[in-house]
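This is the structure, below, for whatever I ask next.
Read from first to last, the chains carry the letters A, B and C; within each, the first residue is number 1.
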């Protein structure tokens, strides 16, 4: 059903004819999402009625008000990687925020940056590095929005020293589902972006949890995010041509890939590394991903995995530790402590990563988060992720352990790809105060048995979360998931529905992947 | 059956206080809010009782005012705004439920004070991220719920810190556990899975943030988990005296950014003299006059691994940073050793509470601002004080970098004699005038109390509007501390 | 190959948006992070390579039909290959192939861009893409004392290309190129008015038949002429001769060199010695067809199949062209050999260079978009504080000149050979 003509005209008047489209081909470009293929066999979801390209907060506000007036649903996306950025359907328009792409402010001394939704992390980080700063970049990659309210979770390779999205947010400009603009914290009082909380209770409390609202609660048009010290150069000079770039990094930024003989020793080492505050990154990059990260095509990746398997998978559990320092003495101290911790916990450095050129590539790949798609999508297999809620480091490790335990049988039966079984990516947060882990698995969508194994594993991991108190998985989205977990978690879903209803009385902020409120 | 009897049925007769003296004490505090007598004081001993009290209050539409700290109270939030309120005094819910060394976290009830918690944590090698010299009877949960600034900005990643999870009875009477504590699983099952109730966020909301800064208007917390930090193996405290705040800010920026300092704060000579001196005649004035106008205090620490080496390279770095900032860190200022100050700020205030020693009371005006606005705010405050006939020379100032240096808590301590009506009146006027001027010059009142509330929400109507919607969800009958904030 | 053969890539595009940016590793600031002019100008996802892959799949699946807008979106793209490099930084995919095939499908289905129909009519009639008369094709070389290889043998054939032949303002660069070869003692010849289009542009706008025809003609002509080396100053022609001919199975049986490659060789051999100072600050614009698209074709025939461990891999193993081995150093080495010249790089160089805007039929069908794209590059050049942009392709030089004029800037523009000539 086409959009009401009056509504269309009103929307067109706001953004201009060049920035609105109902062209079926354009709509299909927005309807396709890789994640759907694994579930439905069809990568296309439902089309939107129209796609709009607002250019400012004011545009977004008026669009949202028009949506309320005509009872048209809207759904905003930024860089739009996740499948959750759809869905379309009857009466839903898509707001593509790519014209809102300014870095509004970088406050070096107050350590924050303010961005619009289509500034990507690589752009922000590059600007920050010129000032000796960096930011948390989600593990998916720096090709994603730097707005800390868009990614599903928001943890990344350097979260050990740069925390994760939910905890980095300061002031936010937020077009509420009713079209009013809420400016949180100090911003609302007109004095800047430095604080996102108050006056009084902090509305960050309903803005997101450890997951973002996935576009289901209005539109975030600008946000300030905390930034962190970067001990490296202002620009990392990169030689060579894609994809085999060679970054030039100083020797006082280093990395070691360390394998520990058991989960227990791995856990212990994580706590020690956290408490000693030596690591820029404490990044549980599993051997499978390491191999894909360091190679230029899938075949090479598989070969390298086989090569390092005896030194990693077969020996225990591995972590990538990146050390950064501002002086040689600091660097020597951190290296010495790492060596001691490694020795105390029976860890071994992987020789491959001790090779300087490889090490530098790996550091840059992780700090800039360049290879997310290489480590996952390159193989063109369906992938799933389970677990992923965060709490203590031990808890996170237990998520990974359980994931590996449940997965193993399917790998042994040849139904899932043999990625070393433990293919959990995770990280310490905030020098060991917390941890995150999600277990990845790969299946063949063309093989019904493999596809079924992936589904069954997902169900099993979900059940394990409920039965073994392993948190609410990151993959829980939409009513079905929340209605399953809510009753086991203080009925959180009912409370969320209440504030969703209060903020979105007309139900126009499309929220299939967030939560909906029954009429 | 009357209200008293109904409450007695819930908590027992010993726990419902009708004693005039006690009631009278809680009808006012050190601030300028209107005194209002509560009807009763009720002292629940567990979550079940708290929940029953809240349900009862909903049924009887009785206002509840939760308190957890012992007197004196300073901000007006514990004084009822309406008649007939029941004070829910949580001081007897004072169990330290768990200290988890490995995960650096403590689970405590709201009645646990700093005085009680610090020694227990110390036994495990832990310490809280302290606020500046809290009174010994100050509730730790109360402090973190009020977002009081903490002394170690490098561990203050998010303004919510060090608060992690809570168990709360919402104003609706529903029990809710926030953050990782929400489940799945019981708390014991969560411990078994390795959870330590460290993450304050739930999948879709972060209710803890709504409870913080709410002054008891959203619900009553029955326990909370608090992030703790390690006790260092080696500590090297320093002081920097200066006439010049910007140069101190420059050094602080690097101390926090490079994670060099644990404790890190700035006091003016007045506040530091008040902290360090007793009531002996002339002692305070002598010290105040000897001290430089601004004193930056910070501590460099080493932990388990090679602490001497760590401290050594950090001091080398510090020396370079200080040289660049044009300041000189020293171990002693005006014969006050940095080590002495370190020991003082790592504990609650000794009695009598430091803010009361000089004149009997103290009125604090505090806000948040970025470093660059602070000199102007101080100027504004000085002018306001002069115009209000309040002695500028005796105004204490405390500047605390928070949230890893993204902003500062900027606090003006106005010491006064509560028995001097003229002084009280001058201060009352000053507080109203100063708030507006400070806001006009970049101050953010993230924690509006008492008479500041209207001015603050007037500037941010949308936040007030949304807060009202949330309040209506969590406390539909508006029984939780009505009349505070914008409700 | 047909679009259907690209189905795997169409279905497995993960919408990561890498195709919109230069590779993440080399982003060095907020500015100049993008690589795709099409999405940068028009903004809807459908303009990016990923979006075009999505639309191609929708077309194959019968979800959409042709509209004028769809055809416009397909062709509002210089097919410059920036997306291909960035995608293949991480992925084993061939997005460019899908873009070519989508255009060929359009042409096959009779969905033609009017401006391109005119160009192709001209090509069929006059053997050039410029609408000029074939009788005037050799005018650029009037007065040059150079062999005509249709009449006499020469070791090296210099192919001028349609743009040089019919754009009078650019003649000096083509004449300089031949002049330098002669000066170095190279046995070089041209074909004058007998020269015909390389066919490359017709391939890019989807006219495979025309391309094949001109490829066959040129191959036959070169065979008869018996030259050993083909040299061209045009990056588009270079790409056609070197890459596209090979791609359609008609690899030339001779060495194909861009003029910059040959001149670099002559400099190394000491046959040309730049001695005069050229006191100028310059920056260099990598033509797409010489750089990332200019790397040799790597033939592969096979399938993506499930091997051991359930993993789909290309069988036989496929080597991907990822932009690594384009012609990047020769023009730079020439510039670096010139005394007094101060050479400064722009932000986007080599395999991640921003397109000049002229390619893929855009200059013919969407001149404003071509100019917009060029203006972006001029702005980028301006940030280096260079006095001049140097490039190595007449198409780039033409549109960048127009953009400089449009912007009122005082920047100058040269071909590499013109700068070298000044130094000799």
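Simple rule for what comes next: contacts are C-beta pairs under 8 Å (C-beta built on N, C-alpha and C of every residue); 3 or more make two chains touch, one makes a residue touch a chain.
Computed from a predicted structure; not experimentally measured.
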item: Both-way neighbours, i.e. chains that touch chain C and touch chain B; value: A
item: A-C or A-B, whichever has more C-beta pairs in contact; value: A-B
item: Chain occupying the middle, per Cα centroid; value: A
item: Separation of chain B from chain C, taking each centre as the mean of its C-alpha atoms, in whole Å; value: 66
item: Length of the line joining the C-alpha centres of chain A and chain C, rounded to whole Å; value: 37
item: Centroid spacing, where centroids are CA-atom means, of chain A and chain B in whole angstrom; value: 33
item: Residue numbers on chain B that touch chain A, as the complex places them; value: 102-105, 147, 157-160, 175-177, 180, 182-186, 189-190, 192-199, 201-215, 217-218, 227, 230, 249, 253, 257-259, 303-306, 309-310, 312-313, 316-317, 368-373, 403-407, 439, 442-448, 456-457, 459-460, 462-463, 465-467, 469-470, 472-473, 485-486
item: Chain C to chain A touching residues, read off their complex; value: 8, 11-18, 21, 23-30, 33, 42-46, 50-52, 54-55, 57-59, 61, 63-65, 67, 69-70, 73, 85-86, 88-92, 304, 306, 309-314, 317, 320, 322-326, 328, 350-352
item: Chain A - residues contacting chain C, complex; value: 18-19, 21, 23-26, 28-34, 37, 43-44, 51, 53, 79-81, 96, 98-99, 103, 119-120, 122-124, 126-127, 130, 141-143, 235, 238, 240-245, 247, 296-299, 302, 364-365, 368-374, 377-381, 414, 416-418, 442-444, 446-447, 450
item: Chain A residues within the chain B interface of the complex; value: 107, 109-112, 163, 166-168, 170, 176, 180-186, 188-192, 194-211, 213, 226, 228-229, 271, 275-277, 326-327, 329-330, 333, 336-337, 340-341, 389-398, 430, 433-434, 465-472, 476, 482, 485, 488-490, 492-493, 495-496, 498-499, 502-503, 514-515
